[in-house]
Structure formats: C-alpha cells, structure tokens
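Take a look at the structures listed below.
Two complexes come next, and they have one chain in common, subunit A, joined by subunit B in the first and subunit C in the second.
Entry: the complex of A and B
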C-alpha cells in the first residue's frame, strides 16, 4: 500500500479523466438528502456530505432489476424460453466517496450471493466490475457505532482507495490493484510527503475517539438460539412499537432479501428482482394463507435475530451490521438496534433478564 | 458463471387429473434440450421451481423418481396464481423448470435399514418418488423392510391410485392405505386417520428403523406422539418442510427457520434438527 497526495485543485480534472474508463457514481444532494447517483458529464460528487440517507447498496444491487426476459410471441423461436437480457452492462464503474462502513457492508452481504453451490451472477458481476474510492469519516453521527460492529470510520479493508480529507488536499491510500489502476487513470500520481501514514493514523485515532456509542457482541455466538428466540423480554417492546413500515430494511446496507416477480409488457415477459422486507406479512405467507411469521413480533424478531444471531452462527463472520446507524435515525418509532443488540448480548435465560442500555 | 435463475425449457407431455375434486393434477414434463435432463440429475426428496413465463415460479416437490428416465413429474394442487393457471394449461405447452433444489431424504443413512413411509393428503409426491426409487430392483436389496402408510380424506382423494393398488399386491413392501371415512362397503383398505393406522400397523422403532413423515400439520402433530410411543428417536424421524420461497437457492431470505434455509439446507430435516430451530413453518 502506498499513499499519494491529491490536491483538491486537481480533483475535478481527475474525476473528468476517469470518465474515459469508468462509469461514475457518487454522492449528490437531491432536495434535502444525499443519494448515490450516476454522475453526469461535468457533475462532481459532493464530498462534503455526511452520508447518504439510503445506503449505496443499490450501486451493486439495484432496488429493481430485470434478471431474465423472454418472448411471448408464438412465432418466435425462443417463445417462452427465459434468458438473460442482452443489455446488461458490466463495464467498469467507480463509486466515489463511499463511506468505509458502507463499503464493509458488501463483504457481509457477499456470503449470501457467492456460495459454494450457487453464485448470483448479477450481484457478483456488478461487484467485481466496481472500484471503490472511499472517503474516511472525520465527523461521525451520534447514531454511528461502526467501531463496535466490525467496521470503523477509517476501515479500509473493503476499499480500493481511501481518501483522507486534509482541507486543501486528500491523502489517498492506494490499497488494491484496482485502486492503483484508477489513480493512474485519473492522473493522481504525486507521492505523499513523508509522515503521511502517521498523519492518517492520527486522523484515524481522532475519528475513532469521536464514536461514542457501541454495541456489545461478544456473547452473541455463545447464547442459545432458542433462548434468544423465546426471550419475550427482548421482543415485546419493539414489536409493540413497530409499524412494520420496512424503512430499516430498505435503508440498511446489509439487508439483502428480495422478491422475484414476472411482468408482461406487450409480447415480452420480464422476470424482475425487487428488494423485499421481512417486515411485511406477505414475505412469508403461504399460498394456503398460513403464515409462519404471522405476527408483528415474529417479524421484528426475525430482523434482529437474522442480523445478530442467525448470521453470527451461520457464517462465523461477526454480526450482519456495520454500525452505520441509518435504521436508528430513520425509524419512525425509535426502535434502536443498539439497545436490542445489547439486550441479546446480555440476556440471561435463567432469570429471563437482560441489560437495558440508553441507546 | 452458471446462472442459477435460468429455467430449463420443458414441454408438458401429459396431464393427469388425480383426485375426484379435480384439485390435483400430475404434470409430466419432457426437456426441450435432452442434455438438460442430465443436468437436472436429482434424488428423491428434492424439489424444483416450476416457471410459467409471465406469471412466476412455484417450488414443488419432484414426484417422479430418479430411476424413471425421459421425463419428470410434479403433482400440483390448485391454490395460488401460478398453480391455478397451470391447471388450465394443455399438453404441448412450453414452460420452465429450475433445479433440482434442496437436499434429499438421507439415502446413504437409510441403506441397510427398515424404512417406514407415512404420508397424508397431497404431501405424497416426494414419497412416491422415494417408493419407486427403493422398489427399483437394483435398489430394493439395499433396504430391509419397507412399510408405507398413506391416507387421504376419501378413496377419490388418494393420489396415484393405480400405483397404490399395484404396490398393495407386492410382497416386498407392506402397503397400508387408509381413508378418513368411506361409505363403500367393498372398500378393501383401512378406514381411519393416519396416526391411528400408524399405531396399529406401524413397526416398532429400533436402531435400524427410520420413519419419513410428510403430511398436513394436523397429521404430523398427531403422528409424532404415536411414533414416540412406538419407540422412534428424534434422529430417526425424517420430515420434509415447505415454506414460501422465491429463489430456491438460499438467497432471497424468506424461507428460513432460524439459521436454516428450508430451500437449501432443507427441505428435509430430522425431527432432532427441527427441535433445535424456531417453529416458523
């Protein structure tokens, strides 16, 4: 890994040069909030942003995506035979300014789409054709708890380049081969002055010390799955408050559940994958009407048990959460994953009690 | 990279109405590309996603046996959007199948053992697959006694009637057919619920005896205590679950019971495994 210096006066020109090789995606302000969007010619990402309201998972995994199509015209040779659409575009793209926590989420999600038995070609091709240029986080939100969720404001383990803002310039860690290629394409090649690594380490320590909230996760793997499942002391309160709106699942960078629906347009049929949510009753309703997760409590419990217990046990890869805090700040009824995680972590099945924390 | 979402195109070769209320039909499919049949190599107990272009996909247990070549069979209960449409489809129509998906009955474990098959209603499809598989001459010698207990509401609601009668004539399996009630005085089989017949006719549980149980929840609920009484341990009771599914390959996230995905880690579980998961099925 090497560190280069990118003067902010060279930033815009570099971004322009990248367009020859990459489709660019970056944070832009839409009305009141930031979102990750395709950057039109001449459009510069807003690097002053805090974070996007919805996680940038859709850069890899669109909210709605045609996965197959087929002809419904009887005269066609491939009548009713589904195939991949021809217009899938997996040219190289670069996501500029992604926060380290959001980049780390892709690693957590990958275990779902890239398995020994099956590979999801859409997710994998999109991920592999993307270069991630991260922006280290110097002013975290009060809802951030990344440092205790396996990530951090300077977590660079899933970035190709990490930018550290130094007012009139960035210090950029070039982490991977992909990052090296992108820096070259942008013409960013000035080696940083001596002491740059130390400067980054200092900023990292400063940023980490600003993160005041945390979750306890050390006991989650040891806890009995069925004990936690049956711990009504944990589930009843959030289930009472929850309105099953699904906001948490849509905003979350690590929620991956989807639905598949067929839609017909003229003489063509499309098989479409859409984000789905475990908050919705129909997510699990059988054709017979029977629903194994028929109550709000079942669904609230599923979301937290999935992230904080089933995932932990199944993949032995920590919790399925990077601590971005979006679900905490967007929940309309103030359900807080940090409090629930702490309750699960501290639950004692003998006395049916757990620790209740402020957040 | 193999795309696991693309179905193999198939042609409906034959449709047979199975039950007197016409709610169940068996579809026999032939692969449009013969090489797809080889790729679809399956084991008894697995399922597939049946795909009707423009409507969607449904997960259905494979009713044919891996020993039957040249076609695959599925028995479909008319209940939702896709199944209702399928009941109006005709022989010769084109659709798709994707799979085989999920695990299978533990044939390696069952070798050299007594096998008791307990089925109720239309959950008999993968059990048909299993019986045909075990009765294949080269396979039959791999298993000791085979007992089958299969029940439906009435004689007209039994699936695969001709095959049931043919199996009842054989001496290499012990066939117990039952109906909840019947006003035909000449009905040659049992009358009574599956749990009752299991108690009367089922062999005792031994280290060498495994039960495969598939049926409606109410049947399973009342069969379980009977099997306990007969001496079956939890690891020798094998069950097949169903849950709402979309992808069938463990990715879409809805069919889980705890950390197990019914589509990929199942649908076949032992009772011992199920007792360690939340009962979300």
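Entry: the complex of A and C
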C-alpha cells in the first residue's frame, strides 16, 4: 500500500478525467439531505457531506431492478422468452466518497449474494465492476457506533482507495490494484511526503476517540438462541413501539432481502427485483394465508435476531451491522439497535434480566 | 409542557393502583434528541419512565387499535380526535378508555430542526417559559424560538385542547381561531397552480419516496388488516418505484383518510425522507369542510361523511 497526495485544487480535474473510463457515483445534496447519485457531466461530489440519508447499497443493489424482460407480442421471435434487458450496464464505475462503514457493509452482505452454491449475477457483476474511493470519517454522528461493530471511521478493509481529508489536500491510501488503476486514470500520482502514514494513524486515533457510543457483542455467540428468542424482557417494549414500517431495513446498508415481481406493461413483461422488508406482515405470509410471523413481536424479534444472532452463528463473521446508526436516527419510534444489542449480549436466562443501556 | 409530567405520573399511578386501567400508554425518553418512544406502563416503576415534552409528536391512538384491555392514554387535541374516530369506527370502546387530556402547545419538527443544525444534534433543551429551544452538537449551540421549529400542522392547529377526556393534566390552553391562522393557505397555493405546475409539484413531492410505508403505519386511521398495496390476489399496485405505483399509494391512502384525518402530522414526522404527506391530506380536509361542513374527530356520535349517505349530500364533485 502506498500513500499519495491529492491537492484539492487537482481534485475536480481528476474527477473529470475519470469520466472517460468510469461511470461516477457520489454524494450530492438533493433537497435537504445527501444521496448517492450518478454524477452528471460537470457535477462534482459534495465531499463535505456527513453521510447519505439512505445507505448507498443501492449503488450495487438498486431498490427496484429489472432483471429479465420478454415480449408478449406473438409475432416476435422471442415471444415469452425471458432475457436480460439490453440496457444492463456493467462497465466499470467508481463510487466516490463512500464512508468506510458503508463500504464494509458490502463484505457483510457478500456472504448472501456470493456463495459456493449460488452466485447472484446481478449483485456480483455490479460489485465487481465497482471501484470504491472511500472518505475517512472525521466527524462521526452521535448515533455512530462503528468501532464496536467491526468497522471504524478509518476502516479501509473494503476500499480500493481511502481519502483522508487534510484541509487543502487529501492523503490517499492506494489499497488495491483497482485503486491504483483509478488513481492513474485521474492523474493523481504525487507521492505523499514522508510521515504521511503516521499522519493518517493520528487522524484515525482522533476519529475513533470521537465515537462515544458502543455495543457489546462478545457474548452473542455464546447465548442460547432459544433463550434470546423467548426473552420477553428484550422484545416486549420495542415490539409495542414498532409500527412495522420498512424504514430501518431500507436505510440499512446490510439488509439484503428482496422480492421478485412480474409486471406487464403493454406488450412487454418485466421480472423485477425489489427490496423487501421483514417488518412487513406479507413478507412471510404463506399462500395458504398462514403467517408464521403473525405478530409485530415476531417481526421485530426477527430483524434483530437475524442481525445479531443468526448471522453471528451462521457466518462467524461478527454482527450483520457496521454501526452506521441510520436505523437509530431514522426510526420514527426510536427503536435503538444499540440498546437491543446490549440487552441481547447481557441477557441472563436464569434471572430473565438484562442490562438496559441509555442507547 | 415538561411541567405536565408530575401530574401525568400522579394520575397514571392512581389509575393503575385503583385498577381502573391495565396500562397507561404514553412515551418514554428516547435515545435520540427529538425522538421519544411510544411506551406502555403497567407498574408504578414503569410510570416513572414516562416523559412529556415537545418531542411526543406521534399519535398514540395508533397504539390502542382493537385493544381488549382497559387503557389510560395520554391525549393531546389531535390524539383525542383520533380516539374519537376510533370509537365511532368501532376500533375501541369509550368505556375501555381513561383519557388523560393534555392541553397541547405544539410539537417540534424534527426534520426542520435537523436541517437547520450545522451538524448532527446531540442534545435538545426546551425553556418552556421563554418559548425557546436550544440545540447543541459538535462545535455548535443554537437557541431558537419554538414557534420557528414547530411542526407546521401544530402552527395551524385549531384544537389544541382534547375534545374528549376524563381528566386534564393542566388548564386548557388558548385556542387559535381561523382569523389568526388559515389552516388551508398551502392547499390554496397548490389549487391555484396550473395543471402543469401541479403535476410537477406532486412529481417532485413524491420523488424521494422509498415505499417504507412509515406514513401509513404511523397513522391511526390506517388499520386495515390488509392494505390495498399489500394485496396480492388480486394485486392492485406494483411494488417497484414506478412513479405511477408510488402515486397510486399516496393518492388512495389520502382518500381513505378523507373526513377522518385530524392533521396530527404523524405521517410527516415519520417519513424518513421528509415528504410532506400533508399536501394530500390537507386538501381532503379542506374539501370535507367545504362540502360537508365537517371536521374529523370532534364527536363520537356521528360517522364521517364519506362513510354515510344522505339525500342532501353535495354532488358537485362527482359530476
């Protein structure tokens, strides 16, 4: 890994050069919050942003994606034969300015989309054609808890390049070959001065010290699944408050569930993959009408058990959460995953009690 | 309104002690400034967790739908009107409820506040007497007038005091009159737009919708066992982000709420992307006033106008 220096005065020109070989996506302010969007000609990502309102998972895994289509015109040769839409584009793209917590989320969801048995062609091609240029985080929010969730404000393990903001310039860690290629395409080749690595380490320590909230996860694997499942003391109050909307799941960078729908528009049929949410009753409603998760408590418990217990047990890869804090700040009824994780981690089945933390 | 809390706790403890109610529905302190959590207290210890201030802007009527228990419920003006709607529509019985009335001074707009703050808000404090709200976070501390950061529906509210209650936690507050505020000024602005501008306005309004249904699920009126957007046999609405489907959801939901919506603002408050859902519901509120002289939730004696037929119902709107 080498470190280069990118003067901010060279940033815009570099971004422009990248357009020749990359499709660009970056943070832009629309209305009153930031979103990741395709950068149009001349548009520069807003690198002063804190983070996007909804996680940028949709850069790889769109909320609605046409995966197949076919003609319903009997005269056509391919009548009722599904094929991939011609406008699918897996040419290389770059996501600029993604935060380390959000980049780390792709590693957590990869276990679902890329297994020995099944390879999700849509997610994988989108992911593999993308170069991630991360922006280290110096101003974490009060809801951030990445350092105790296996990530961190300077976590560079899933980035190709990580930028560290040094006021008039960026120090950029070139982490992978993809990163090397992008830096070259942008014309960013100035080696950083000696001591740059130390400067990054110092910024990293400063940023990490600003993260004030945390979750305890050390006991989650040891806890009995059934004990947690039956722990009314954990689930009763959040289940009452929960309104079963999909805000947490849609804002979350690591929620991966989807639904497949067929739609007919005129003489064309489309097979569409849409995000789905375990908070919705119909997510698990059987064709018979029976719903194994028929109550609100069942659904609230499912979301947290999946992220903090089933995932932990199945993949032995930590929790399915990077601590970005979006669900905490956006939940309309203030259900806080930090408090729930701490309750699950500290639950004592003998006394049926757990530690209740402020967040 | 923070001064109400002692009285709220006193009443709640008394009701539980006397066995008049099985639980009291209110809020407990949230982990995020501007957000408290809907909560039920079944014991005195749990009553001590209750809070009340200007961050209690959801609608608690949403939490008593189809309940079989006896419930003590905190109710502001709009919340009490939705309780009245629930009673009329058979979703709860009046005799199950002990309504603890809260003369409301308005709720803080969490979207507006976070947009005004230069960095994420770490804490919020309210000076009730001076009508000031102080927000602070990393590198900033700002004191604002509460009237500037109040939810828009609260600034236009004509029923701050509960319309039905069993006891009040404080003296009634002064009501605003229609001479002081025009609750439909914004609707009139939209009505005055050209068809093209109107289209563009609603297109833009819904462009951020992610179909999380927080607006619907926070709404006490949306209690259908299966919402039309969730029906699959037959399926009425597509589930992608196709603008036609997104619009269909919002338009139809608004119509289902016509004559029943109390403008409590829970839909707007809940929306994660800040859509002003009230641009729809407020128009229907205005229509119900003009066509039927009707305001929702002011009585438990009469069903809402779109739920009934009368020979002298106005017909202009179906011509």
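Convention: the second predicted complex is superposed on the first by the 359 of 359 C-alpha atoms of A that agree within 3 Å, B and C clash if a C-alpha of one lies under 4 Å from a C-alpha of the other, contacts with A are read in each partner's own complex, and residues count from 1 in each chain.
The rule is simple: a residue touches a chain if its C-beta (ideal position, glycine included) is under 8 Å from a C-beta of that chain, and two chains touch if they have at least 3 such contacts.
Remember, it's a predicted structure, so these values are computed and weren't measured experimentally.
With everything superposed onto subunit A, say whether subunit B and subunit C fit together or clash.
Superposition check on subunit A shows subunit B and subunit C fit without a clash.
Is A:350 touching the first partner subunit B, the second partner subunit C, both, or neither of them?
Neither partner.
After the superposition on A, what does A:91 contact: first (subunit B), second (subunit C), both or neither?
A:91 contacts neither subunit B nor subunit C.
Based on the superposed arrangement, let me know which partner A:198 touches: subunit B (first), subunit C (second), both, or neither?
A:198: touches no partner chain.
With the two complexes superposed on chain A, say which partner A:80 touches: subunit B (first), subunit C (second), both, or neither.
first
May I ask you to decide whether A:72 touches subunit B, subunit C, both, or neither, giving the answer as first, second, both or neither?
The first partner, subunit B, only.
What angle, in steps of 10 degrees, lies at subunit A between subunit B and subunit C when each chain is taken as its C-alpha centre?
Superposed on A, the angle at subunit A reads 90 degrees.
Which of the two partners, first being subunit B and second being subunit C, lies in contact with A:261: first, second, both, or neither?
Both: A:261 reaches subunit B and subunit C.
For the combined overlay, can you note the least CA distance between subunit B and subunit C, rounded to whole Å?
Once the two complexes are overlaid, subunit B and subunit C approach no closer than 5 Å between C-alpha atoms.
Touching subunit B in one complex and subunit C in the other: list those residues of subunit A.
In subunit A, residues 259, 261 are touched by subunit B and also by subunit C.
Touching residues of subunit A toward subunit C in the complex: what are they?
30-33, 50, 53-54, 63-64, 139, 141-143, 210, 237, 240-241, 243-247, 249-251, 259, 261, 263, 272, 274, 277, 280-282, 328-336, 338-339, 358-359
Which residues of subunit C touch subunit A in the complex?
30-32, 35-40, 58, 62-63, 111, 115, 119-122, 137-138, 208, 210-214, 216-218, 226, 230, 232, 238-242, 269-274
What part of subunit A is in contact with subunit B in the complex they form?
Going by the criterion above, the answer is residues 67-68, 70, 72, 79-84, 112-113, 115, 117-121, 124-125, 225-226, 229, 256-262, 264, 269, 271, 276, 278, 283-288, 292-293, 298, 302, 305-306, 309-311, 313-314.
Quick check: in the complex, which residue numbers of subunit B touch subunit A?
It is residues 1-7, 9, 32, 51-58, 79-80, 83, 94-96, 242-244, 246-247, 249-259, 264, 276-281 of subunit B that touch subunit A.
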